[in-house]
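The two complexes that follow have chain A in common; it is paired with chain B in the first and with chain C in the second.
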Partner chain A sequence: MKRRLGHFLVRVGAIAAKEVLHIRRDPRTLYMALVMPVLMLLLFGFGVSFDMDHIPLAVADRDGTRASRELVDAFVAPGEFALARRAGPEEAGDLFRRGRALALLVVPRDYERDLSRGAGPRLQLLVDGADPVTANQILAKADAIVRSVGLARARRAGLSAEPPLQVKVYTLYNPEARSAEYLVPGLAAYLMAIAAVLLTALTVAGEWERGSMEQLFASPVGRLDIILGKLLPYLGLGILQLLLVVGVGTAVFDVPIQGSPLAVFAFGFLFLIGMLGQGLLISVVTKNQLVATQAGALSALLPSMLLSGMLFPLENMPLALRVLSYVVPARYLVRGLRGVMLKGNGLGVLWPDLLAMAILALAILAVATGRFKRRLA
Partner chain B sequence: MIGGRRPGLARVQFAATVRKEVLQTVRDRRVMFMLVAAPLIQTILFGFAVDFDVDRIPTVVADRDRSPESREHLRRLLADGTLRRTAVAGDAAEAERLIDRWDAAAAVVLPPGFGADLAAGRPAEVQVVLDGSDPNRSNVAAGAVSRYFGEVAESMMRDRLERQGLPSPALPTVAPRLWYNPSLRTAPFMVPGILSMLLVIVTTIVTAMGLSREREVGTLEQVMVTPIQPLWLLAAKMTPFVFIGLFDVLLVTTAGSWIFDIPLRGSLLVLFAGTLVYLLSTLGVGLLISTVSSNQQQSFLAGFLFALPAILLSGVMTPIGAMPAWLQAVTYLNPLRYFAEAARAILLKGAGFADVWFQLVALLAFGLAILGLAAARFHKRMA
Partner chain C sequence: MSGPSIEAVGLTRRFGAFTAVDQVTFDVARGEIFGYLGANGAGKSTTIRMLTGLLAPSSGEARVAGFDVAQRPEAVKSSIGYMSQKFSLYLDLPVLENLLFFGGAYGLWGKELALRAEEILELTGLRALRSATTGSLPGGIRQRLALGCAILHRPGVVFLDEPTAGVDPVARRQFWRLIRDLSGEGTTVFVTTHYLDEAEYCRRIGLMTDGRLVALDTPQALKRTWVPERVLVARGRNLAAAAAALADRPGVAAVEPFGSGLHLRVQPELWDAVSVKAALAAGGAAEVAVEEAEPSLEDVFLAVVSRPRPGPAPAEVRP
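And then the complex of A and B:
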């Protein structure tokens, strides 16, 4: 028994060594697989933000009085908006189509006179709604600016404007709302999915494409050994990527690990096992690298990004997608990593996620090895 | 003329190779399925899953006042659906524990005596506790609570001034008018972006892997010994993808307008022109990648190494204006940026050649440069 296990390990090790040799002989694969996490994390960490300032604003000041200039100043002086140009409302279409301005503010004639007479003047704000996030920001910012201008005038006129009711906001876990803390778990899921599903699917499909799989089968090495041997190096690569993402995240962006690092590892490991199974299944079914890429992108990369809660909250989605998300392993990984790293959750809270990942991983491995054996019988 | 001794002969060779490539691509049903069905699946997934307008945020409510007023305020706060009550807690500490355990992402705590304080004009305080692990969602939750109680505070202030016999202050108001996308839906914003991502996946990665495959199998060398000029061969290999790209554009815009009710305001001709110049870049990058990779696996990785940052820096997901200045400068080197801008302006805003000429010229320039560089490298490697 012990000797058989020893032989088994030797054979698996031999295949794994062959695959490692392939990778090492042409290390570009390795470089790219390791550069990708770092590059993506840096770009995401520095580049991804929805908060825009200096929003280009065109202004049509029909009043031209001190009060109207004060109002326009309140828009552009704090840096929320930047004065793109003076333009009439009839030019809005041109400006929006060419991206020269995202909003156009029209201050009506008699703005100052209306204010001093106690009538509330109406400002017109034309907004380019093509980008809903930015448009919402424009609406909220304009509303706040106009309100504060009005309240400042009321205070100067001696009308007290002390709000009797206050809202105090406490933010847990990521109080500065930094995108790196939010993105590291999701990014880890996405990058591990690339390594585990696609790289394995490609390497195994490649053996079939070139016909070398049949040669391997003719050798004394068992089929299970071949599979394990091919998958092992990519398990290592995936773990390396996880360490890189988490390492760069904590070192460069101060992303905390509140919980146990061992739990991070456990989540990553289970996720990788399932993803390797999926990669194997895809390669067995397609036996063609080009088709395997597309199948992997559709079945692993897209769901890992869209249906994991990595970027967009799941509870916001239509019911069908929410249901579908329960079979996406990345959903549990993102939740688990966020729980461990940001919230300091332990297994007491997260065991259902680990269990779900284990069940999904076992299921896909069973299907994949089943297909693999049948394919050869 | 590229290299042909007799232009007539070159044209015949080119036509024959195009026919062979088209046949080869169309014959492989699975590849065709992937080139046609995959874009459709992506469009539908993106269209339904991506929604920047966050609502249904799971919220735990701690009403420590338990008065009719506090219940009424909570009811009205939750009425618009941005926050959804998923749990009830006795106090702030319990609410925090519930957030810790993922039972809620936000908590609203009304203090004891809240209703009585408000009625008597004494200052009162509402506490909001947020799960900040998703900053966008916590912003929306905080905004919803602040907006509701801000309005309550303002109407109370007016009432008080009125009771004291003072005039309400004349406050200016904003009357917004939203162009192009009046209900601010996310899908009309996303679909033009999907187009630019999709064409990279379909053309760049597929071309790079296709050429690497020929190198792996050795068929490229076989064709090289035939009399056709290498550059004509390349052009012939890329021709099917130009048509697939144009077809995918048509497919995605049609699906977008049927399923997501996206307005098609601009001319299809301008969009096609934009797609053609954009394809020069995406195909060029694919070719370039194939010249630096030794197998399909590497081509795939390199394709992703190009595509992911390019998508991130294109303004498809987050506005370019929100990036730091140095990254904004980098986006000017990104063909995806120009195509995403142009596609959005054409489809949503009805832009014509006069509006997007800059983007089209930039795409043409990038396309010719990248394609030229890639062809030179390819030529050298083949020679």
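And then the complex of A and C:
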């Protein structure tokens, strides 16, 4: 018994050691696992911002008074909008089509006079609605600016500055709505998914393609030996990747880890097991590196990006997609990491997500192991 | 272990309606070099896969190294070495790492593994190449390394599936020296090959066509049984026209062009070198020289492929 266990460990060790040698000799693997994630994180962190400023604004000032100029200044001065050009309201369509401006502010004639009379002049804002996210942001910003200009005037006139009913908004967790804090947990999921699925799918499919799988099957090396020996090195690589992504996130983008780093690790670990299982399943089914790459990229990339809540809120999705997202491990990871890192949640709150990930990981590993036949026919 | 190293009785493998291996029966003694010959698709690799525990037989049975291949494939796998048709060394790894990996796959480790790897490097003449990247080596050297990987764990039986395919003649010769050394140490070698000259090195040969073992014996006995005619080689000028005329004469079994000359099989009662020479000269050939030749395994192979089995079925002959 002891001797058999010894042989088992020797075989797993031999396969794992060989895998480490392969990885060390192929810089592409290391690049894909360690350099690409950091590059993508920097790119997304610096480049992708959901928070717009300097929105190009055209202005049709038909009043041309001090009050109207004050109003335009209020739009442009804080940097929320940039004055693209002065134009007539009839030009709006043309400006939007050419992309010269995203919004056109029309200040009506007699704006100052109506204002001082308290007649409530009507401003007009024309918005390019081609991109609804941007249009919504423009509306919200314009609304806030106009309200603050109105309040300032009211105060100067000695009127009550406080409207009778108001809402005070406090944003807990990521109060400045910084993209990085929102993105890093999602990106961690996305990057780990790609690397773990693709790398395992490639290495196992490579053994089939090369014919060395037949060689291994004719030796005492068992199914479990191959699976463990192949997956362990990539599990290590995946954990290194998680540390790197979270490390860069906290160091460069000041993403906090409010909760326990151990919880972050627990989520990453379970997620990786599931992804490695997925890679294994793909390679066992395809037995071909080219097809495995395609299948791996598609099955890792799309769900972890689109159905994880990383970019698009799951709550707004059609029912079918929402149901589908329940079998996407990235969904639980993104929620879990956001919970731990931004809210400081502990396992007391997050255990259902961990449990779901564990179930999915075990299921896919079981299917992959089942499909992995040692006999050729 | 007493008894034969490999024992197959009525071994059969069907894939759907196609019978790849049909009722094959033979056994191989300990330390014997057993050659398995046949055209592509004749069922050689399928036989090997059944004997190595990779493929379950549809019917019949086989014992390898004393273990039943269907009942105890794991025990079979531990006791054999196997070099598959496209034996797959890891080309991105150095020579020594390939040896260490396959050693580990068979449960060898530590000092024992290191010592054994050195022995194999010495045996295969690869000591100087230990750190070379495997992919940078020529095919012949890779095949020696592959053999080294297959025998690292000192198996009693080694299966080699077309080990010298695509290897140059010098490297093939070196490879066969290794095989003979192995056999000399008591290792049973089961080898398939395309090269009929190599088959001469085998103690016994099995010939497969269409999944059936149609001949099995020593190379000498096969030649006697399958090529009872006298084999003659003729050289000279203007042989072609004379050959055509000769081919129609009674007692001439075959006239085939062979290099610049002719290869003839004739009935020994009717023809000899002198009469053939006279007939060719009469047919218009000039400067004719005719010599008697030993039939080659190629003659045997051609005879086996083109004819139904003669006399008692050789497949059932046991040594």
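We take it that the second predicted complex is superposed on the first by the 340 of 377 C-alpha atoms of A that agree within 3 Å, B and C clash if a C-alpha of one lies under 4 Å from a C-alpha of the other, contacts with A are read in each partner's own complex, and residues count from 1 in each chain.
Everything below uses one rule, namely that a residue touches a chain if its C-beta (ideal position, glycine included) is under 8 Å from a C-beta of that chain, and two chains touch if they have at least 3 such contacts.
Nothing here was measured: the structure is a model prediction, and the numbers come from that model.
Comparing chain B with chain C, more residues of chain A are touched by B. Within the superposed three-chain model, A:221 lies in touch with chain C and out of touch with chain B [touch as defined at top]. Of the two partner chains, chain C is the only one that A:21 touches; chain B does not reach it.
After overlaying the two complexes on the shared chain, residue contacts for A:210 are found with chain B and with chain C alike. In the overlay built on the shared chain, the residue A:149 is in contact with chain B alone; chain C does not reach it. Legend: residue contacts after superposition of the two complexes on their common chain; A:345 is shown touching chain B, with no touch to chain C. Of the two partner chains placed by the overlay, neither chain B nor chain C lies in contact with A:355.
Within the superposed three-chain model, A:10 lies in touch with chain C and out of touch with chain B [touch as defined at top].
The contact surfaces that chain B and chain C form on chain A in the two complexes overlap at residues 26, 210. For chain A in complex with chain C, the touching residues are 6-7, 10-11, 13-15, 17-18, 21-22, 25-26, 210-212, 214-221, 375-377.
Those residues of chain A lying in contact with chain B across their complex are 26, 28-29, 32-33, 35-36, 39-40, 43-44, 46-52, 54-55, 71, 92-94, 96-99, 111, 114-115, 117-136, 139-140, 142-143, 146-147, 149-151, 153-154, 157, 159, 161-175, 177-179, 181-182, 194, 198-199, 202-203, 206, 209-210, 286, 288-291, 293-295, 297-298, 302, 306-307, 309, 311-313, 315-318, 320-321, 335, 338-339, 342-343, 345, 349. Contact residues on chain B toward chain A in their complex (touch as defined above): 30-31, 34, 38, 41-42, 45-46, 48-58, 84, 96, 99-102, 118, 121-139, 142-143, 145-146, 149-150, 152-154, 156-157, 160-161, 166-167, 169-182, 184-186, 188-189, 201, 205-206, 209-210, 213, 216-217, 293-298, 300-302, 304-305, 308-309, 312-313, 317-319, 321-324, 327, 341, 344-345, 348-351, 355. Those residues of chain C lying in contact with chain A across their complex are 15, 49, 52-56, 73-74, 77-78, 80, 82, 84-90, 92-93, 97, 100-109.
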